[in-house]
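Note that the chains take the letters A, B, C, D, E and F in the order they are written out, and that residue 1 is the start of every chain.
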Amino acid sequence: MLFLTRRATFSASHYYWNDAWSAEKNGQVFGRCANRNGHGHNYTIEVTVAGEADPVTGFVVDLKWLKDVMEREVLAAWDHRHLNLEAPEFASATLNPTTENLAIAAWKRLEPSVAAAGGARLSRVRIYETPEIFAEYRGEP
Amino acid sequence: MLFLTRRATFSASHYYWNDAWSAEKNGQVFGRCANRNGHGHNYTIEVTVAGEADPVTGFVVDLKWLKDVMEREVLAAWDHRHLNLEAPEFASATLNPTTENLAIAAWKRLEPSVAAAGGARLSRVRIYETPEIFAEYRGEP
Amino acid sequence: MLFLTRRATFSASHYYWNDAWSAEKNGQVFGRCANRNGHGHNYTIEVTVAGEADPVTGFVVDLKWLKDVMEREVLAAWDHRHLNLEAPEFASATLNPTTENLAIAAWKRLEPSVAAAGGARLSRVRIYETPEIFAEYRGEP
Amino acid sequence: MLFLTRRATFSASHYYWNDAWSAEKNGQVFGRCANRNGHGHNYTIEVTVAGEADPVTGFVVDLKWLKDVMEREVLAAWDHRHLNLEAPEFASATLNPTTENLAIAAWKRLEPSVAAAGGARLSRVRIYETPEIFAEYRGEP
Amino acid sequence: MLFLTRRATFSASHYYWNDAWSAEKNGQVFGRCANRNGHGHNYTIEVTVAGEADPVTGFVVDLKWLKDVMEREVLAAWDHRHLNLEAPEFASATLNPTTENLAIAAWKRLEPSVAAAGGARLSRVRIYETPEIFAEYRGEP
Amino acid sequence: MLFLTRRATFSASHYYWNDAWSAEKNGQVFGRCANRNGHGHNYTIEVTVAGEADPVTGFVVDLKWLKDVMEREVLAAWDHRHLNLEAPEFASATLNPTTENLAIAAWKRLEPSVAAAGGARLSRVRIYETPEIFAEYRGEP
């Protein structure tokens, strides 16, 4: 079994907020992240697929194809966007765009394309909010 | 002459816009950066002071003091903020928070404190918007 | 299952030595690391917790809390210290402060606080001695 | 169980090609990588061994020994080489030197030495072609 | 005066050789770099322009334009190429594609476009062969 | 004029102390760095030489030669050492091994060898104590 990983970066804004709470409680729980003007990050997404190397090409998947999938499914929706206002999974739900939730949401965006292509399966999605903080999701067992 | 540099990071949102232009022209000139919901970055600020090493301490300046100046003068105003809406130099003026303008604005914020401390002078301020893009300002000659 | 990771850095001194050996044998086995004046590193500690994202906050754990735990349990004891002389687990025992032993020792320092908080479990501790060398401990199965 | 990792870098040339295909098809599948003059990378190899820390030394393996094994078994054959023309596993076979195949080939080069030394087992080999692309092999289960 | 910098990366092969010397002397002077099969690197090019920030846009130059210039003038000729065989300045001359010569050659490729655009001047070109080695050219005084 | 730079790393211990002061005052001025057990860093030294590219080799200086000079003149004296106790310039004088003083001391160690070789001159020495802090010395004008 081989694990092949590709990284990409995107720049986005977000804030953390719970409508059911007072502004005071939001500030207590979310600190400076509760500022509803938003702040932003240079996010890194790291997508890992698992499979066998094709005996002719030597590829688990074509990395150009994987880059295109990442750009079409994730970056087109999130790059240079305000995640709370423009990313469908966060704008339409009471879901905070935390690093953890971004990792799950990116998995859901990527998994159908990887599965449809056959050959390899999505193994891991990692999102870095900063070089010091990252979340990883490996799907449901 | 010695040059001593300290780095710090901050996360902020911004967009680029010119009120005198139509939305169409703003989009043509500023591309995805014209999205007024904002997007964001993990910025790095790199502050360089120039001077002689104190013969007793071996310091050009005390790096703890420099860190405090950077936090008080720059990070307190810009970190976890929307620069267009909350940073005074951009909120109160028709000035886009480009990397270039951030470098000049940070210089103006830092220079009086460095000058007042005596001994060393502010030599250079560099702002990284991403690891691939940075602007540097060295003051007026 | 989500895995959330936070990094921090600390600067410390260490050397490698076995009292039961001659100076010559210590030199043969430990090379330049046997210099008992000590040498040092900028260590990076990477702490990973595993759990579910809280449906309200979107957090596996509060990253501010995790940072505080890391600072209180690990950095307060090791940062700007000589590990052989000042870190209790190495000063009081015949244990070399290798990267491997630091990973186990950091796990033992962190695990009770993570377990006591409930919700998430400590999944992995990684210590980088340099960018080229790191050790990882995942607890006992 | 502890996992100890060491990184090294090497610079090499490669291209992707399948003799059974036309030049046109090679270009369609492999894009710019089909240029048979070759292009190159600064590769990073990351080798992880798993085991217990020796109670006397605190080592899973001696990192100097691991460095020597990596240099003798991998870097001596691949560093400053054209992988398609000079690396035996690629020059003598119809195997493309993809990141995936390099990870498997490095495992095969390293595993006998680690196994012969006893105490620790080879756990993982990761090859970075660029900071954005890497492949990982963990051996056969 | 502001200095604005943009980075890009390219992957290329090269070797060092002097036709006027014996193979033995080439090996003595150029070491492993004299291997005429070539080896390669992930190069980074860092281009700095100097000028004033436009009062309306806040730009010294449009970074999208600068990226296009770098891709058209440098990356189109050098990326995924064998520099000794395919880059015109090295293929047609007895010039080794050292990091130093790449910096000068990139300057010559970029300077006319920057000058023609007006407003800013090319200030510095830096080429990283590896993260440990780089050359910088600032034009003739 | 070309500027050619090579980086290397070394690991060393240090502390800051002034014998003329009380322990209390040392603590006030130097904070945690006054701990006389020492602490340590992975330092990076970046050495820049300036000159013309040799028309035959394309080298400002031979980078293998520069690496050897850096290892012989700087790393042999400082790597895996306690700078206050073992580096001659700090052990024999009342000079604190600050990043600033290390930059000057490295310049003095390197300059004679670069001058003796002819062709290029030492232009700049930069010492990183951490990725966030660095000092640069350019010699006397």
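Throughout what follows, contacts are C-beta pairs under 8 Å (C-beta built on N, C-alpha and C of every residue); 3 or more make two chains touch, one makes a residue touch a chain.
Keep in mind it's a predicted model, so treat the numbers as computed, not measured.
Listing every chain that touches chain B and chain D alike gives A, E. Touch-path distance (fewest steps) from chain D to chain F is 2. Of all chains, E has its CA centroid at the greatest distance from the CA centroid of chain C.
Ranking every chain by how far its Cα centroid lies from the centroid of chain A, the top place goes to F. Of the pairs listed in B-F, A-B or C-F, the one whose interface repeats that of A-D, with over half of its contact pairs matching by residue number, is B-F. The mean-CA centres of chain A and chain C are about 29 angstrom from one another, to the nearest whole unit.
Chain A and chain F, compared by their mean Cα positions, are separated by 42 Å. Residue positions of chain C touching 2 or more other chains: 131.
Contact between chains, using the touch rule, shows up for A-B, A-C, A-D, B-E, B-F, C-D, C-F, D-E, E-F. Listed in rising order, the residues of chain E touching chain F in the complex are 16, 18, 20, 29-31, 95-101, 103-104, 131-138, 141.
Residues 1-8, 53, 56-60, 62-64 of chain C are the ones touching chain A in the complex. Across the interface of their complex, chain F is touched by residues 9, 11-14, 32-33, 35, 37-42, 79-82, 85-86, 130-131 of chain C.
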